[in-house]
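Presented below is the structure to which this report refers.
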């Protein structure tokens, strides 16, 4: 029932707008946004989310926006009620900094690995887990702790999203994904933790062109694929041999 | 439930009970197009042969593959490529492999739409018993049964309605050790299809018998749909 | 410090014996043994373990042996005190069945996904986790339970091994691993959960010949590689283009 | 501790304090051959340039790579390939990529031998404070600091021994918010190398000063090695 839907258009914006509309995203939802800095950030999907208009969002992402584009633009547009992240404060996070100091956005700081593991737990049906990270610090205050095998652990709960917006390198015609280098970062985990997952890809390759041993995100986690190769001039030629089978778009 | 049971109960009185093959076909009929499905070992495996290729149903096997192809024959057989029943299978385009923790995360995380399992008993409230006879000398072996029972959005059970000794397998309360609590959506038998996902047991369809006849033979109250 | 060591020899047995000796395995240890049925079972390493002589072992594996080889032979040799597995009872598990009924081996049955997740937790530094699988069954008796998000969960603890014995398809010259199809199964998880991991591979390829995007088990988890291509006639030619760099064996 | 501190304390009194580059070289000297190492953002990154290629040290970056190469320049720069400081790096043969949950599992699971971090303060018992000044208007940002502090077998801290206001950064008890409790093995400063892994603080080496001079300037009792 969650067969992957493909979106393409005359412009990247049209394709992304169609995917966001189909994702069912509404105000007040929790949105997982991929990327570590700009690597892996789904900028086209964030721009579409700004145009979409949903507000009062809780955004889960490693950072809280860089410069004035992407997440920073979503924050500047006043759409975000709360940010859950590991590292909001950066040299170019002036948009978040201003909103936070003005009391206009809430912040939950989570250690980076715990942030990833909490989403992994959500995708894997694990309700909560005992983790040594953060024990004895401000970030564990008020949390249940327990000694396991002689070591202190703190209980952390699963963190799920209503929608995940991620960037991958390639999709095949059925929604299997591969990533590029360290741009992989949070994408595969968020894809499993979002009730609906929307991905922007550099290109869609024919089904059969991805090595089944090398698929990182299996199609079951992918609901909407925005194919940027149909709209931009940035894509490179496929390096995998195309088959005669066309993407089932 | 992925397939709402709003249709009225249908009694097929002009024929006998379903054959095993017909049971598999009925299960396949009720799997929505595009579903991600895990077919358990044994009789549920036979459902695969009744899925229409154009329905786009995608098979998961818990030993680590999504998009599993049909059983392998002759030169296709590869000992490194099997289903959960350790039967050699094939790799169609669009398949993906993953390790066991990722495979069961996919299941436990609720990403599969349907899983089809056999059973010793199912209770009126959807409890499942299919892993252990409870016999004192039995060696317990659970495999992925509990993971499957708790993981898929819908759990379909395929079983005969009566055991060889004549006792009913749809029961008020399971007497065999449980595999999962309240996890079964539907029970497919040779004589009837039951919806056990709600507060009461609803008979959706019968073959070669009537709801009234079944009600007389079972200890669970039966209701009609629609 | 855990730079991968490579073992090869005139016979497969010599190479495997050297690796087992170097692994530091001793009587009473917990050994993780890969495989789902025979797919992915490290038969050469198990045979070496039998020759090694360590006994009173706790063996963690999905099954409890098939026929008379592999795990079944280890059991028959009387080396196993306890089996932790999901599915001991099979049509050809006569060796285990006999020992169990004679009271000569203990059994802990764990649901298959929980078995994998407990080892994943051990490798990932998670002390314990709340899991819905098994709630309300015999296998959750005596375990702590908790309602999380309206659903019953049972607490499961990390399961680690002193030594993991696994089978992979290829290693590169520094110990990165790839597997073949569904023979991947428990290998990657056990590699992370074993204090020392020994792997038998069909062949060792030059470093650089494996795609970094497709490595399944990074070298950090691999302590000893037994290269069967040096000893058997069963291997096929590498399908990846070899580089001029030799394996650092 | 991977490198036992059984050697006797060495006082280099014939020279001044270490330069930043010399500090990085001393840290590199103490990383055992073949170690898997994570170098934190900032000064610790500079240790990479002092690792001998033949030592076979393998670098991990928490954004998802093992076997990370040196900083990229010119045509090598690829925005999809960076270190944790978001600086472009390179991909040597033998590298592997993985996602964030797998990357931090590698760290939290204790598989890394050494991680090198900066610090605001380290306590005599090895507590680390390096993520938050505690200033009321500071925006908290932790990143991977707590994961790194708790994950590696050995945590090496690189810092100046005294803050700009002259206060010592090796303290009886941290006054800044903690990153981790009892997690630091060694503290590398421009004037001394301290072992804080045991019950007492041991000075392993000094540069341009003596243990006695340091003892007079610090509020923590210092011990000599050997």
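To keep things simple, chains are lettered A, B, C and D as they appear, and every chain counts its residues starting from 1.
What we mean here is this: a residue touches a chain if its C-beta (ideal position, glycine included) is under 8 Å from a C-beta of that chain, and two chains touch if they have at least 3 such contacts.
Quick caveat: nothing in here was measured; it's all calculated off a predicted structure.
> Using the touch definition from the top, how many steps at minimum link chain B to chain D?
The least step count works out to 2.
> I need the common contact partners of chain A and chain B, sorted by label.
C
> Using the stated contact rule, I'd like to know whether C-D or A-D comes out ahead in C-beta pair count.
Greater number of contacting C-beta pairs: A-D.
> In whole angstrom, how far does the Cα centroid of chain C sit from the Cα centroid of chain D?
The separation of the two C-alpha centroids amounts to 34 Å.
> Can you work out the whole-Å distance between the CA centroids of chain A and chain C?
33
> Among all residues of chain B, which ones touch two or more of the remaining chains?
Answer for chain B, listing residues that touch two or more other chains: 91, 97-98, 104-105, 107-108, 150-151.
> Where in chain C do residues touch two or more of the other chains?
117, 120, 124-126, 131-132, 179-181, 212-213, 216
> Considering only which chains touch which, label the overall pattern as line, ring, star, complete or other.
other
> All pairs of touching chains?
Result of the pairwise touch check is A-B, A-C, A-D, B-C, C-D.
> Considering the complex alone, what residue numbers of chain D touch chain A?
Going through chain D, the ones touching chain A are 61-65, 78-82, 86, 91, 97-101, 103-105, 107-108, 127, 132, 137-147, 150-151, 177-181.
> For the complex, which residues does chain C have touching chain A?
So the residues of chain C touching chain A come out as 117, 121, 124-132, 146, 148-149, 151, 153, 157-158, 178-181, 211-214, 216.
> Can you name the residues of chain C that touch chain B in the complex?
Going through chain C, the ones touching chain B are 36-40, 62, 86-90, 97, 100-101, 107, 109-114, 116-117, 119-120, 131-139, 152, 179-189, 216.
> Okay, in this complex, where on chain B does chain A touch?
2, 32-36, 56, 58, 60, 66-67, 91, 93-98, 104-113, 150-151
> Spell out the part of chain A that touches chain B in their complex, as residue ranges.
Going through chain A, the ones touching chain B are 1-3, 120, 122-126, 172-174, 176, 192, 207-208, 212-213, 215, 218-221, 243, 245.
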